[in-house]
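In the two assemblies presented below, chain A is common to both, partnered first by chain B and then by chain C.
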Partner chain A sequence: MDDIRKKAKELLESHAVDVVIGYGEGTAGKVRAIFPRKAEDAEKLIFDGRCEQNLAVYLLKHEIKHMGKKAIVATTPVMRSILQVASEYQLTQDEVLVLGVSPEGKYVEIADFAAMEAYLKTQDFGIPAKDKAILDKLEGMTLEGRWDFWLEQLSPCFKCYACRASCPMCYCTRCFVEVNAPQWIPIAANELGNVEWHLLRAMHLAGRCINCGECGRACPLEIPTHLLTFKGVEDVKEDFNVVAGTSASMDSLLSSYKADDKETFIR
Partner chain B sequence: MADFEPKVVAFVCNWCTYAGADLTGTSRIKYAPNVRIIRFPCTGRIDFMLILKAFGNGADGVIISGCHPNDCHYTSGNFHARRRWMVFKRLLDFTGIDHNRIVWSWVSAAEGAKWAQIVNNTVEEVRQLGPYENYHKAALKPLAKEVNHG
Partner chain C sequence: METEKRSLSKASLATLIEQLNGNGAVVIGPQKKDNLVVFEPLHTLAEMTDEYIATTQSPKDVAFPKIERLFNYHVTQFFVDQEAPVKNYPEVVLIGARPCDAAGFDSLTAIFTWDTKDTLYMERLALTTLIGMSCSSHDANCFCTSVNGHPGSTHGSDILLTRMGKGDFIAEIVTEKGKALYDKYAGLFGPDSGEDKTKYLTEVPVKFDVAETVKKATGMFEHPIWLEQSLRCIGCGACAYVCPTCACFDIQDESAGSNGHRVRCWDSCGFGLFTLHTSGHNPREVQSQRWRQRVLHKFSYMPDRLSLVGCVGCGRCSRACPVDMNLSEHMVSIAEA
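Up next is the complex of A and B:
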């Protein structure tokens, strides 16, 4: 941790970056994202087991995006997010400096995107066992069983869009869900509107989700919304051998194709 | 159930399947009148949400049809669509939406007879499945579950 703090301080002192995105002490024993812009504020940076949030989301937020050059405390999911949004032409290597953190909490020197790609090759991207268990359980259910499960799970959703706000890949300045001429997704609290919103989100993240699980953590009602995109992560790996966030120059899954994509259902 | 007539919505591309359906008509081939055809410029234009909208508005089945691979008027629209459907179908399966009610097909402008067959088969299959009440119910129902903010 001292390494990260020291490095952040150096970067701010030398004006190599204008802002550092990192974790700091919040209230009630929780951590929060902090954005030191002066060298002395780098002291407030922390890193421990509570620092789970995917900070990459801030890189493309309007308020931070225009602050100049950024350094970011980056765990594996953050690095994957960076590569994914870079592959979508939302971020370039010159805009961001990465202060890598290994899963053990050690500082990792990452020079550029190529180094990040190489480092990520050594990392595990697996879906957490707890979530995998639910996915497997759902797999064993009938179609109706799954429909009932999701209606029940999604019914408390009041579309606060915290899942969207917390996702580094949901950076569109105008989201489909706000299209109201015609009203694309019903805004009233009804089951169908909830189903449509969550399916839309999952589809728009197909081949792009890097399974950080931030949407599920951000949900104030603890809806396991991350499972929808996690399933997509497994599916696209199986069908297309696509793993999001592994390269800054990969094609987007749904805006590319292969003439020999294999399906079994078109008559 | 005996007098259940399925409502089927067909999303078809302008260049192949719509012309194919025209050929079915000019060839005087009769097929089930349960289908409502909606013409799109290309299968690539058919947003996945439109399928859900069809079910939400009372459809019991959906047909999606366009040009065969390599025949797309816009070169690659159907290839993009095919990828999207591959992803979408698995997502529907995962969320428990009855994808057996959705029929995907390639029907060219010369396949008038195939179009009649696709429609007839789909209508029969959906007739067996019955009305899609699960989805229609959800479309009308306000939220049932009370939220505890404790």
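Up next is the complex of A and C:
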């Protein structure tokens, strides 16, 4: 951690970056994102097991995007998010400097996107065992059983959109749920509106979700919405051998055609 | 009316819940659901939990549901026929709302009646009897005492129960509505035990002086503090939707062919779309402006226009926030700015 603080301080002192996006102490034992812009504030940066929030979401937030050059404390999910949004032309290598953190909490020097791609090749992208167990259980259920499971899980949703707001890949300034000419899905948080919102969001993240699980963590009602996008992660790997967030120059899965794509869904 | 003190045993509360249900009331109370505590229909005392600081969501939906159907419509060649939906609102008895929750209805009522009376809200509220429950514990997010509240405040409750440790309850009958319920079930209540509720209440520290902070915040519209505080805000609506006083709503039409209905559903000033004009102009273009609106609406505009602070210090917004936006901390920093 001292290495990250030292590096952040140097970067701010030398004006190599204008802001560092990292973690600091929050209230009641929680951690929160902090944004040191002065060298002395780099002292407030921390890193420990509580630091789970996917900070990449801030890279595209208007007020921070326009602060100038950014450094970001980046765990594996943060790095994958950066590569994913870069592949979608939302971010360039010049805008962000990565202060890598290994799963053990050690500072990893990452020079550029190519180095990040190389580093990520050595990392495990597995879905957490707890989530994998639920996914496997769902897989074993009947279609009706799965439908009932999701109707029950999604029924308390009040559409605060914390899932969307917390997701680095949900950066659209106008989300499909807000398009009203025509109205694609009900705005109201009723049964149909909730199911359509979460299923369509999962579809929009197919081939883009990097399984950080932030949407599920962000939900104030603890709806496991991340399981829907995690399922997409498994499916695109199996069907197209695509793993999101591994390259800054990959094609968008759902909007690119390949002659050797499987077509087993056509019956 | 003058508050009347009685006692209520745990067994009698159980009977009360069953009799209320038997007499056709919808009884709503706090229940455990996985890691959350939520207000759900209550049929027996056994379903109710007393292990909660505040429920995850406020009980505001008894009078202001997340979706309310306003009317049905049918489109013909030249006309749109409207038909009001049948209002079969139930009689509700809300048990276990905290004093902060009870106070929250003051803000909602002030907003929903400040010019045109919102009949949907008023009719639902009129049918609701609120049996509040004093607080014997609090957490770091609680700050009712900083916004004119108190863990044992009777304000807003029709009847307030204070549990004597793990035993029976002190019952304070506060309003005519509470008296009406008491009169109907008087046999279940015992005489005043003479116990003072104070020793069963938690002590919530005062974090800021509300009058001073309101005055201060009112003059801070152009202050850089809004940007600084809201840098980590991701602009979701979690705070607004768990809030007992947030009253904003959106109007939507839901149609299938030529039939449909118009609904109102919760909305939040934290959303970018909230103030987006058809022209494309947005007077609150960035999150810092939306955060300022959220704070000033409760701590400046409502005190100014409606003569009450639009926050009851329940701390739900801070507990629900995925990025640790902490309202009392922010109010303290405004007070100290």
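We adopt the following convention: the second predicted complex is superposed on the first by the 265 of 267 C-alpha atoms of A that agree within 3 Å, B and C clash if a C-alpha of one lies under 4 Å from a C-alpha of the other, contacts with A are read in each partner's own complex, and residues count from 1 in each chain.
The criterion applied here is as follows: a residue touches a chain if its C-beta (ideal position, glycine included) is under 8 Å from a C-beta of that chain, and two chains touch if they have at least 3 such contacts.
The structure displayed is predicted, hence computed values, not measured ones.
> Taking the superposition as given, does A:Leu253 touch the first partner, chain B, the second, chain C, both, or neither?
first
> For chain A, which side has the bigger count of touched residues, chain B or chain C?
Counted on chain A, the partner with more touching residues turns out to be B.
> Using the touch definition from the top, say if A:Asn241 reaches chain B (first), chain C (second), both or neither.
In the superposition, A:Asn241 contacts neither chain B nor chain C.
> Quick check for you: in the superposed arrangement, does A:Ile64 touch first (chain B), second (chain C), both or neither?
Touch status of A:Ile64: second partner only.
> Which holds for A:Thr122: it touches chain B only (first), chain C only (second), both, or neither?
After superposition on chain A, A:Thr122 lies in contact with neither partner.
> For A:Asp148, decide between first (touching chain B), second (touching chain C), both and neither.
It touches chain B, and chain C stays clear.
> Answer with first, second, both or neither: which of chain B and chain C does A:Met203 touch in the superposed model?
In the superposition, A:Met203 touches chain B alone.
> Could you look at A:Ser14 and tell me whether it touches chain B, chain C, both or neither (first, second, both, neither)?
neither
> For A:Ala189, decide between first (touching chain B), second (touching chain C), both and neither.
both
> Shared contact residues on chain A for chain B and chain C?
Looking at chain A, the two contact sets intersect at 156, 158, 188-190, 221.
> Show me the residue ranges of chain A that touch chain C in the complex, using the header's touch definition.
Spelled out, the residues of chain A in touch with chain C are 26-28, 30-35, 53, 57-58, 61-64, 156, 158-162, 164-166, 173-174, 178, 186-190, 217-222.
> Within the complex, which stretch of chain B touches chain A?
Within the complex, chain B touches chain A at residues 48-49, 52, 56, 69-70, 76, 79-80, 82-91, 93-98, 103-106, 118, 134-135, 138-139, 141-145, 147.
> Residue numbers of chain A touching chain B in their complex, please.
By the definition above, chain A touches chain B via 138, 141, 143-152, 155-156, 158, 184, 188-192, 194-196, 198-200, 202-203, 206-207, 221, 228, 231-232, 235-236, 239-240, 253-259, 261, 263, 265-267.
> Can you name the residues of chain C that touch chain A in the complex?
So the residues of chain C touching chain A come out as 34-36, 38, 56-57, 66-67, 139-141, 227, 230-232, 234-238, 240-242, 250, 252, 254, 263, 265-266, 268, 271-273, 286-288, 318, 320-324, 326, 329.
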